[in-house]
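The structures considered in this document are given below.
Consider the two complexes below, in which subunit A is the common component and subunit B and subunit C are the respective partners.
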Partner chain A sequence: MVALLDIKGLRVEFPSRRGHVVAIQDLTLELAPGEILGVVGESGAGKSTIGAAVSGLLEPPGEVTGGEVRLKGERIDNLDEHQRRAIRGRRIGMIFQDPLTSLDPLQTIERQLIDTIDHHLAVGEKEARARAVNLLDQVGIPDPNVRIAQYPHQFSGGMRQRVVIALALAAEPELVIADEPTTALDVSVQAQILELLKSLCREKQVGMILITHDMGVIADTADRVCVMYRGRVVETGVTTQIIGAPRHDYTKSLISAIPRPDRRSRRFPLVTYIEGEEERPEKIDLGSHWLGQSRDFGAGEDVMLKAEDLRMEFLTQRSMWRSKRKYLRAVDDVSFEIRSGEVFGLVGESGSGKSTIARLVTGIYRPSGGSVTFAGQDLTALKTRAEAAPWRRQMQMIFQDPFSSLNGRMRVRDIVAEPIHFHRLAGSREEAQKIVKDLLELVGLGAAAAVRFPHEFSGGQRQRISIARALATRPRFLICDEPTSALDVSIQAQILNLLKDLQEQLQLSVLFISHDLPVIRQMCDRVGVMRHGKLLEVAETETLFQRPSHEYSRHLLDLMPKLEGLRREEVMEGQSVA
Partner chain B sequence: MSVSTSEQAGAAPKSRLRSFLDGDVWYSFTRSPVVMLSAIFLIVTFLAAVFAPYVAPHDPFDLASIDLMDASLPPAWEADGDPRFLLGTDDQGRDVLSTIIFGARISLIVGIAAVAFSIVLGVGLGLISGYVGGRLDAFIMRVADVQLSFPSILIALLIDGVARSVISRSAHDEIALYVLVFAIGVSGWVQYARTVRGSTLVERDKEYVQAARVIGMGPTLILWRHVLPNVMGPVLVIATIHLAVAIITEATLSFLGVGVPPTTPSLGTLIRIGNDYLFSGEWWITIFPGVALVLLVLAINLLGDWLRDALNPKLR
Partner chain C sequence: MIGFIATRLFQSVIVMLTVALIAFALFRFVGDPINNMVGQDTTLEERAALKERLGLNDPFFIQFARFAGNAAQGEFGFSYQHRRPVSELVAERLPATLELSLISAILALAIGIPMGVYTALRRNGLLSRAFMTLSLIGVSLPTFLIGILLILFFGVILRWLPTFGRGEVVDLGGWTTGLLTESGLRSLIMPAITLALFQMTLIMRLVRAEMLEVLRTDFVKFARARGLPDRYVHFKTALKNTLVPVITITGLQLGSIIAFAIITESVFQWPGMGLLFIQAIGNVDIPVMAAYLVMIAFFFVVINFVVDMLYYAVDPRLRVDARGGH
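Here is the complex of A and B:
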């Protein structure tokens, strides 16, 4: 039998003036009708380039320089642009990551669907419309007859992704390439979309290449998995085998770096295969070092931070008259306590108000109501910046996006030294530079990083710089707002380990915000669950995961990818897997 | 060869010059002959203007060396030409080439000073407008809108006219240059303010600015240390194009007789003087300064266009 898609020895190169970058090397894979092949790998592994090469959407100067791609036995890699267009959409459908940008905002769903169907199948307007309604029904859009006349902005993110899927399936393609189809969506929506993709592939006998960085997505959906590392396939196999009994070292370390949803381990096993970056054993004696000494605040309060009836409203409609103004209540009467030395987690889907709370606590936003008490001091009562400065100094924040959280025009040493100079924590420039050096060592970057600029570092390394900057004020309270959600899973493991170590060594209290339940389970002592600006439940982490009391918590836990059959190998603490 | 960030981080840190020469901007510069030609022309013009007293064959200000007998001589290669005056002389016997060199000096001084003044005013207002927002932002931007509805030359004329009526004639000649810089500078701040306001709105919400706020920094320090360096890229591009516009504006005002005093040779005054003789056969008095002005402005514009493309990662 002829395979649906047959790729042999594919090689894709991006010529640049500093030599050719080989994006894909010697790639060979097969796909049967109705099969879902997962392609996993970390950023830069060449996953998306496969999809682009198959559909002929490689961005210049990228080009296929070797191998062949066959669709049902016909070569499609050497076609000219005209012939390719006939295949793309008609025989190969594409689903992209961002449902917000993959639909034309100026056209109704109807127009976009009918145009696609009519263009490829030439069935006439009337028949095309009937098919379009039918398609919307199949992808699970309620009232397709009514909603078809609407514009993309009238659909929610998940619904929009369903429309994109309908569009990809409109011309009844044989192959669908889905590039991170659920990455921009919340977990609850993700589960539904994956279920939909799975059933559609089975029903219509469509082959699908599912490109993702998320092992959880693969585990739930794919029949077979192909693991990529730096442009090469390191391992291909049936999903259960890859997840349960990986053979290649890279796959092993990748799997072990996934935060386990089912139990709490003290540390993540180190993933040495990936960045080749060994965690340096820390030699700084914190008891006598600058970081540890004169932490100049009253010792031993039980409660580090207390939020009472915290409320935040954003103006959504301006008006001269108070009564006509409309507000969005992002945080709605939230109260919680964070004890000294505790890691307190906040979990919830996007838009639940987690990040707003972080910004209220740090004083980036002023609350519309309620109070924040930090180490016994009511911060909301302090009027000027100067008054608040000594308190603000003791709480620092680590941000989500490592690419925008560092000023690209400053050297690393200036970035880290800035808070030291600002709060006059060091006697002289030399002393400050010595502290910066030690801080960089402490976060595992090495003192040589000091003279470089942020763009010379990878995402994980930048996040370490962010941590060093946060520690530079000698804080005792740290807020981590999704600190690893922009990072690859192996880097995430390193950063989470580092945060755990620092938290223990410096006895920090931490507010840890994440949408990722397994990460929360590994990091936090107590957890609060948020939805629509309200705090629904606060519980000890293990209690929450075993016996959630609120219905929504139970719902969230159910949606968590289970990774059934995950390699059961017990990993010793700190032992390297690779 | 795969170029990954982690490998780059492992290399020794580069000096600023080294990384500039390795960078894409310098690379695209060496690949476009037109831009290199413009740059060379501009450098030569700049040097000639700066060292005018040493470069120019004659001193058009030295009344003792000017002889009315030399008036209106054609260029050296014409039949009546005098080899002492390569591009001929004007109606008062001044060497046209020397006057152009001294004129370019005035044009460049006025142009650069006016652009610098516009940048300080426009970038400052743009930063405040974008960062503070609210009513102040609305006010500054409405003023900008109103100003945009007048041609900038009109605004420069207005300021110049007001200055003339307020300041006495003798004092005016001395400070005419400053008035001119002020007039051209004020007429050009709007585009800087708008661009910078836009970039500031983007940068303001980035996490590095929030990080600075968490550290406890006040708005002035954040604007100066963090936002300003990150919004200056587009400003440099606008500035090069604006320099060309400022030089043209200066030439236009001088041509109309409201710019620099008639005794100071700028390219505009030269063209005006020559204009009277254009139809009586002495074409060189106006054509050569005109060509010099066109070449100068063209070179700056070409360089500015290239800089805009080279600094735009999407067009690379």
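Here is the complex of A and C:
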């Protein structure tokens, strides 16, 4: 039998002035109809380039410089643009990462579907519409006859990804390339979308290449896995084997770096295979250092932060009349306490109000009701910025996206020094620069980073800069809002270890917000579960994971990607050694 | 939708009243209106009587209300210089300015948008680079210089086109148009190009920048990945999305075409509102200046209102409240 997709010795290069960058080299893989092949690897490994090369959508100047790609036995890598276009959509469907931006906002779903179907199959407007409705039904959109006339913004994220899938399958392709199809979605929606993709592949005998950085997604979905590292395939095999008994060193360390949902460990295992990682610098004795010293807070409050009946409403419909205004209750009477030196986790799906709480606590938003008490001071009672400044100084925030949270026009030393100058914490410019240097050492960047600009750093390194900036005011309370969601597994492990070390050494209290349960389990002492603006349950982390008391917590835990089943062999090995 | 229109209309009225207030203040407090109207030998008693008759002794708000009420009906009093009602002068001059502005706007859009799209799609093409370079000249040369150069070249050296005035006009029941006679059309060419050039280059650069932005978006990539032809992706998907922000800027620019017609009208001695205004400034003809101010504000408000409505029509995301969403 001829394989659906057969790639042999593929090589993709991006010529540049400083010599050619080889994005993929010597890639060989096969895919059968109805099969799901997972491609995993970290960012920059060349995963997405495979999809682009197969569909002929390589961004110039990228080009295929070697090997061949066959679809059902025909070569497709040497076609001209016109022939390629005839294959795209018709024989190869693509699904992209972000459903919120994948659809034309100014056209109805109907228009987009009909135009795609009619272009490829030339069945006429009426038949195309019938097919479109049928497709929407298949991808699980309720009332397809009504919803087809709507615009993309009228659908939720998960529903939009279903529409994207319908569009990708509109011309009945034989092969689908899904590039991180669920990365932008919540866990519960992710599970539904993966289930949908799986069943569609089986039913229609469509082969799928599933590109992702998430091992959990692979474990749930793929039949076979291909692990990529720096443009090469390091290992290919059946999913259970790759996850349960990886052979290559890189795969082993990659899998061990995934935060374990099933048990708590002291530190996150690092991806040790990565070459050229910076050494951890010699330790700075924090006890005698500026950072540890003269922390001018009254010692020994038991409760660091206390939120009482915190409420936040956003106006969703304006009106001159009070009674006609509509509000969205983003945070609904939430009360919790964070003790001194504790890491308190908040977990929930997007829109549950986690980040709004962070903003209320830091004072970015003013609450509609309730109060925030920080170290014995009611923050909501402070009226002016000047009054609030000393308290704000003691709480700092680390944001999710390291690419947009640093000012690209400032040097790292100025970014880190900014809060020091703002709060007048240093006597002179020289003193401030000395502190900046130490901070950069502390977060593992080295003092040489000071004179560079943020764009010269990778995502993980930028997050280290953010941490250094947050520590610059000698805070005692840190708010981390999804600090590692934008990072690769290996980088995530490093950053979380760093945060954990700093938390212990500086006895920080931390509000740690994440949607990622395994990460929460490793990081937090106590956890609150949020949904629709309400805090459903607060429990000790271990209690929550072993005996969740609220139904929704159980539901969330059930949705966690299951690596354990596949990992049994490894777990047994570990036990026998112990 | 109705609420949206009502709010916008309400805001428009506020803007117009504010401008009317400024115009009124100009009329009432810059110089003495009586002095401007009467001769040297008028006695003090006559002046006082005139003041009383014109209602200048009434309280401020009553005077303003009268001014606003008259302005709403197109009455701005008598021109000091021409000794005729301002409304008559405006009615005579307005068609010239509107015709010139309209033709310029059409020129700017009809050439600017396609050029913007072309330079965005063929970013490195020879023609694109030529357009970009030329547009730089268009943006940086002052309008009057372009006008003078055109006159010198086509009017004086080649003698192809008339260098001033509107040519022959046809009267269509109160509206004089130069669009129906050959000399009228020939006279229109150079002023229209002069006035359009700056807007055209601006629109072109704007469309190009927006288009490049849109071409990088995921939905364009996804449309390509579905194998849709370039024509569809470029014009049905990308261009429509490009136009959303372009509409706002273009709307404002059209307003300024009318307002900035002053310079072009002066260079070409075009008998429009702008020329009238310049002469009014020279002669401290305050009623004319006040009328001009209010008219220009009115055009801006109307154009902005239309732009908001267009926005509403083009972008379904704004319609979410009206349709109930989700």
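Simple rule for what comes next: the second predicted complex is superposed on the first by the 547 of 578 C-alpha atoms of A that agree within 3 Å, B and C clash if a C-alpha of one lies under 4 Å from a C-alpha of the other, contacts with A are read in each partner's own complex, and residues count from 1 in each chain.
Just so it is clear, contacts are C-beta pairs under 8 Å (C-beta built on N, C-alpha and C of every residue); 3 or more make two chains touch, one makes a residue touch a chain.
These numbers were taken from a predicted model, which means no experiment stands behind them.
Participant: Which of the two partners, first being subunit B and second being subunit C, lies in contact with A:Leu106: first, second, both, or neither?
Facilitator: A:Leu106 contacts subunit C only, not subunit B.
Participant: Is A:His120 touching anything from subunit B or subunit C once the two structures are fitted on A? First, second, both or neither.
Facilitator: The second partner, subunit C, only.
Participant: Pick one for A:Ala381: touches subunit B only (first), subunit C only (second), both, or neither.
Facilitator: A:Ala381: touches no partner chain.
Participant: If you tally the residues of subunit A touched by each partner, is the higher count for subunit B or for subunit C?
Facilitator: B
Participant: Quick check for you: in the superposed arrangement, does A:Ser55 touch first (subunit B), second (subunit C), both or neither?
Facilitator: Only subunit C is touched by A:Ser55; subunit B is not.
Participant: After superposition on the shared chain, which partner residues are touched by A:Ala86: those of subunit B (first), subunit C (second), both, or neither?
Facilitator: The second partner, subunit C, only.
Participant: Let me test your reading of the model: by the given contact rule, A:Ala130 touches which partner, first (subunit B), second (subunit C), both or neither?
Facilitator: Neither: A:Ala130 stays clear of subunit B and subunit C.
Participant: Residues of subunit A that sit at the subunit B interface in one complex and at the subunit C interface in the other, please.
Facilitator: In subunit A, no position sits in both the subunit B and subunit C interfaces.
Participant: Hey, which residues of subunit A end up touching subunit B in the complex?
Facilitator: My answer: residues 16-22, 44, 230-231, 275-277, 359, 362-364, 385, 388-389, 392-393, 395-397, 399-401, 404-410, 418-419, 422-423, 448-449, 451-452, 456-458, 461, 466, 469, 473.
Participant: Going by the contact rule at the top, pick out the subunit B residues touching subunit A in the complex.
Facilitator: 1-6, 8-9, 13, 27, 206-208, 210-218, 221, 225-226, 229-230
Participant: Show me the residue ranges of subunit A that touch subunit C in the complex, using the header's touch definition.
Facilitator: Touch residues, subunit A against subunit C: 55, 57, 85-90, 93-94, 96, 98, 101-108, 115-116, 119-120, 151, 153-156, 164, 167-168, 170-171, 317.
Participant: Mind pulling up the subunit C residues that touch subunit A in the complex?
Facilitator: 217-219, 221-229, 232, 236-237, 240-241, 244, 314-317, 320-321, 323, 325-326
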